Amino acid sequence: MTLGQVPFVVSALLVVIGLYALLFKRNLIKMVIGVSIIETGVNLFLVTVGYRAGGQAPIYTYSDPTTLRVLPTPQALTLTSIVIGLATTALLLSFVVFIHRHYQTLDAEKIKELKG
Amino acid sequence: MKKALTVAAFLLVAAFLVVAATTMRPFGEPSHSEMDDYFLVNCQTEVVANNVVTAVVFDYRGFDTLGEATVLFAAVVGVLALFRTVREDER
Amino acid sequence: MIVSSVAFFAVAAVLSLCMIISVVRIGLGPTVADRVVGLDTINTMVVATMIVLAAAFDQVVFVDVAIIYALLSFVGTLYVARYLEKSP
Amino acid sequence: MIAETILQIVTLTLIICGAVLAVTLRDLLSSVIALAAASLLVSLEFYLLQAPDVAIAEAGIGAALTTAIYIIALRRTRRKEQQ
Amino acid sequence: MLVFLATSIVAFAAYLLLTLPSGTVGLWSVEELVAGAVLAALTGLIARNVGFPAERKERRAMLRMFNPLRWVLFLVYLFGPFLFAMARANLDVAYRVITGKIRPGIVKLMPELSTDLGRTLMANSITLTPGTLSVDIDEDTHALYVHWINVSNTEPSSREVCGSFEAWARRITE
Amino acid sequence: MTILIYVLFGIGLAASVLGSVALVRFPDVYTRLHGATKCTTFGSIFTTAAVIVYGFARGGAAHQTLAIHSIIALVALLLTNPTGSHAIARAAHRSGVKPVGAVVDRLEEES
Amino acid sequence: MSSGMSVIVRTVTRFTYALIIVFGFYVIMHGHLTPGGGFQGGAVVASAFALALVAFGTAGLKGALNRHLLQSLEEVGALAFLGLAFAGVGTAFFYNILANSGSVFGGSDPAALASGGVLPLMNWAVGLKVMTGIASILIIMVIGARKEATE
Amino acid sequence: MNALLHHAPVLLVAVPLLGAFAVPLVGKLGSGLRRFFVGLIALLTTAIAGYLAASFYAAGASPIVYVLGGRLSLPSGMVAPIRIMFELDGLSVFMMLITALAALAAVLYTSSFWKERSGATLKDSLMLLLIVGIFGMEMTGDLFNFFVFLEITSIAACSLVGFRVWNGRSQEAAFKVMTLYTLSGLFVLLAVGLLYGQYGGLNIAYLATMIGSGAALVDKIALGLLLTGLAMKAGAVPMHMWAPDAYGEAPGAASILLVANSQASLYGLFRVLFTLYGSAYSPQSLAWILIGLAVLTIIVGVTMALVQRDLKRLIAFGAVSQIGYMMLAVGVGFAAMTALQPSDFGFVALQGGLFHMINDAACIGLLFLAAGIVIRRAGTRDLQGMGGIAHDLKWTTAFFMLGAFALAGMPPLNGFASKLMIYESTFRLSPVLAIVAILASILLLAVFLRAFQAAFLGPRTEPTDVMRPVPISMLVSMGLLALVVVAFGLFPGFFVDRIVTPAAQALWSGRDAYIQAVMSGMGG
């Protein structure tokens, strides 16, 4: 019983779900949630790319140095990407708070400028 | 019209992404990566750290980390700028 | 090897099956508080799963993740509870 | 091996469920809760993929801090998603 | 200053526990001890305002917990009556889950405990035992409102709801 | 020792499954909290205890560290979990969720 | 978020606060040995601040978390990280000058605490940056939200 | 090679970064000191950029590689570079010069406003961060590092767009821009992940060699994601609607940096198309997609500009249409390059497109800076409410006119020089496209004439702001850009030969040199 490409498909589905929220939801916070979900999907994808079947975590403490290891670089990239995601979310939510302060609504349709 | 276009674009991107996912190599069999093998083999002698991920984050790819710290700094400065007190006369 | 790692994996798998019910509860509601209960249950389950998996992988350092998880999931729950308590 | 695969499949399925719930639930607070749950499960998935560093980061940032920031933002904005 | 020291000691102990079998000096290596001391001092500096309450009485109650005898008592309580009560309550709840027979209600307890620490210990013990759940605590009257899954008496004593928890909480914290 | 570990796992799993079932069986937030959080905590205590026993039984620095860190995780769980449940219950009550089929609600009466 | 939560939560927070902070410091300190590092430890400590913020409220935290101090510390952390990167400029930017040098963190045993060259120092710089940065984001957002409420 | 020149690429990023980190600390000591500090940092950055460019061109424009944290050579048998590296070829240096110009103008412009405004420290810090991000994007030779810098620019740019917190529209614009930027960044990251999973490397040169050897489906998907993300961020048509909001709402000095930011994304697009994938792989249909998008961008930009009443939005739509011209030129070049018989009009097209980049930065920057002063003086952004500015602000009027004419392609100015090259080469590919481009240009002239007439001419109106002379540093900043406009218009051949041709060559035939610069140091 192997997983095949299931993890990749799951991360792609996460991106799709996030895109759906971003495109079709009218609430601004829902859109931010969509962005968060896309970020999560991309992070999951990056870590999945680096997984080597039967490998152990790339940490040598208390561990047999000869075993197979998973690839460390995607994990490093994901760490960076997670913190970037937090920064993005914080900034987006600050904008949402200010939009609410000015318009007293979070509905993207009602904020006429937002339609572009 | 606009709605239909959006839906079409969304479906296109969705199909695109799922196709991308299914054309990947099978899960658990990444390509042979010389870069990562180099990290795994030489980390303990070159950087003298047991945690290879930290070694990659701070040594081999330290510049990314600097950029990432910069992103966080930018976010903090941005939030600060948003929540600053604005004098009445500059509105 | 006094217990084979398969046993640990089996325990973790059963725990993960329990998580399904919690996610169902998050989906069904009916009140927000019910959903938080589901979240809290998942937290506890995940901590247990992580500890068991650390033994299964035979990787000592993995337990640190479980500790952090146990300590920090609390913060999220408190934030939600506080929001709920202030604005019905 | 089978147990491990079941574990992975269940976790991945639950991540998708959490994400779908986060998008579809009307109540924004519930959405945030579902997002937190999805984030926690993603952390478990990272753990299963032998990435403890990332799992810690995701647990700390996804579970605690992102939820906190969302709740703080929700505090002064309206909770119900208008449709 | 006392507060700072106390927080630092707790932090140091926690750090030492985390890095237990690491070296040759006792159980620890020299670097770990030095790092632990520095970090504990740092923690004490950061956490001293939060770690201890402002009121004198509560502060003294917290400091009282540094007595090792109380720790022994606490451990005895944890592995003795508490675990036993928890196991028994679990069986009880298992029965209720299967049969669906419940008789819930929120009852009021007036614990005779003088410190927040004791009340917290008791409330958490109650919460951790299935079947009972502390819903709210009144900040002024110190009344504890407990959701009880099998209400046999609408005005119960603390003994009926949670067994010997109150006595143990008093013994440990006062 | 192996048997002890299996027994501990058995108790832990039973309690966890029970808690999860309680999540669907019980009618309202408070009773679900009884089942879910408490029973799963009980289950977690035992599964963790099994790992602790395993760690000490295997011996060696690595597995002792495993056991000690598991103990710390357990302490963290025991410290945070009841508090979280309490916070949820209080929030639920304040946000107006009534206990279903309550025989008595003293909190509602007095506030 | 002016007032705090119930007394039970506050009392437990008094314990967990110090515990989380010490654990965050442990994660930062052992970043080159066990999973973790600057980001993760910083995020953990920032979560401790978030916990204090939610349990005690901003009113209950008077003086415990100074916003301006946090911001200054963040800049110091960022500058320290940049400085550590500059330190290797004799060979190349980001060159690890301390590894295998025999000085403070230059031990050659990768399992010991005193190893990793500039890695622990960078961990600390980034940890300081992340914990103060995220904490100031949270505090600014909370205070800003409260200011808006009184408007 | 001396030490300063050796470290110059990294100093170009590190110096503004140091400035950005230190500005809040310096700002506590006083605003005068802060302004001096920021100006010093900007001058230093420009000086380094100029020095680097001068030595680069003097050395024959061969790529420079700087490896962060080590040396280029690896143990024998390795072919993958393990560390992050900066790699500068003609295109990077050219883009770097544009950015340096924009950065200097922006910092000079902002360094003395009429009066000290709140959050000036934070604004300075954000602008320096944006400069850091743009420089990083243009110089890095590592794909993930490119993403990180992309995110730095996103966050700094959006904070600047949302800087006017008292205005609800700026917040909406910032939200929209941030969402799109994040989305584009995540697409890029996804593509990076795909390429890493396929080839196990992140270095652009390394990936280019691997892609050159075999074209898998994954490559095509990654290419699609990269192009979508970068075109989105550059402001090409299907996703152009963020651009006018962003340019319109940002503070005047930040607008010019946003233009530079869009151009950096465009640079990323070119880098992906020409270097990462290369002509051997990319199909010709891609060139036509690019051309189609470009023409749409031109048309949409100009027609939308026609109906605007808001001065800044009008200029912003002008900027969108200019992005279209650049894409058109590069698309034509790409089409010529991938054709069976590569013809040299493609090279002219590339030259024209790249030359138009620096011209666009100068003209649009000039217009935005002048518009900032005009809006400040008129107290409104609506063209209807303005008028008679020319009576008070002689210099600003002159600068605005210069910028508008140059942008519309009037003969003696730089816009004419570059647009002529574009028309010429486009005509040889397809006459219809050239005619469309020329017509759009004429329309643009009409737009700007109308704006000029409405804002500057007409009877003198009472200014809402207290009459004060325009600060000298603003005039200097605009004068700098005006100098570029005039000089590039009068001596186009000189500049094209010196700086544009190496950049065009880097696109046209520089792929092998780019790869060799990294890969030849490997395995030794």
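Note that the chains are named A, B, C, D, E, F, G and H in the order they appear, and that numbering of residues resets to 1 at the start of each chain.
Operating definition for what follows: a residue touches a chain if its C-beta (ideal position, glycine included) is under 8 Å from a C-beta of that chain, and two chains touch if they have at least 3 such contacts.
Source: prediction; values computed, not measured.
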| item | value |
| --- | --- |
| Partner chains shared by chain C and chain G (touch criterion as defined above) | A, D, F |
| Taking each chain's C-alpha mean as its centre, the one farthest from chain A | E |
| Of D-G and C-D, whichever chain pair has more C-beta contact pairs | C-D |
| Computed distance of Cα centres, chain H from chain F, in Å | 57 |
| Where chain A and chain G are represented by their mean Cα positions, the distance between them in whole Å | 23 |
| Distance between chain centroids, defined by C-alpha means - chain D, chain F (Å) | 21 |
| Between chain B and chain C, centroid-to-centroid distance (C-alpha), Å | 26 |
| Shared-contact residues (touching 2 or more other chains) in chain H | 17, 21, 24, 68-69, 144, 148, 151, 155, 158-159, 162, 165, 190, 197, 200, 202 |
| Interface hub residues of chain C, defined as touching at least two other chains | 19, 22, 32, 36, 38, 43, 57, 59-62, 64-65, 67-68, 71-75, 78-82, 84-85, 87 |
| Contacts with two or more other chains, residues of chain F listed in rising order | 21, 33, 41, 61-62, 65, 69, 72, 76, 80-81, 83, 85-87, 90 |
| Pairs of chains in contact (touch as defined earlier), listed by label | A-B, A-C, A-D, A-F, A-G, A-H, B-D, B-G, B-H, C-D, C-F, C-G, D-G, E-F, E-G, F-G, G-H |
| Chain D-touching residues of chain C, taken from the complex the two chains share | 6, 9-10, 12-13, 16-17, 19-20, 22-23, 26-27, 29, 32, 35-36, 38-39, 42-43, 46, 49-50, 53, 57, 59, 61-62, 64-65, 68-69, 72-73, 75-76, 79-80, 82-84, 86-87 |
| In the complex, chain A residues that touch chain D | 1-3, 6-7, 10, 13-14, 17-18, 20-21, 25-27, 29-30, 32-34, 36-37, 40, 43-44, 47-48, 50-51, 55-59, 70, 75, 78-79, 82-83, 85-86, 89-90, 93-94, 96-97, 100-101, 105-107 |
| List of chain C residues in touch with chain F within their complex | 2-3, 7, 11, 14-15, 18-19, 21-22, 24-25, 31-34, 36-38, 40-41, 43-45, 47-48, 51-52, 54-55, 60, 63-64, 66-67, 70-71, 73-74, 77-78, 80-82, 84-85, 87-88 |
| Residues on chain D engaged by chain A in the complex (per definition of touch) | 1-2, 5, 8-9, 12, 15-16, 19-20, 22-23, 28, 31-32, 35, 38-39, 42, 45-46, 49-54, 57-58, 61-62, 65-66, 69-70, 72-74, 76-78, 81-83 |
| Complex contacts: residues of chain D adjacent to chain C | 3-4, 6-7, 10-11, 14, 17-18, 21, 25, 27, 29-30, 32-34, 36-37, 40-41, 43-44, 47-48, 50, 52, 55-56, 59-60, 63-64, 67-68, 71-72, 74-75, 79 |
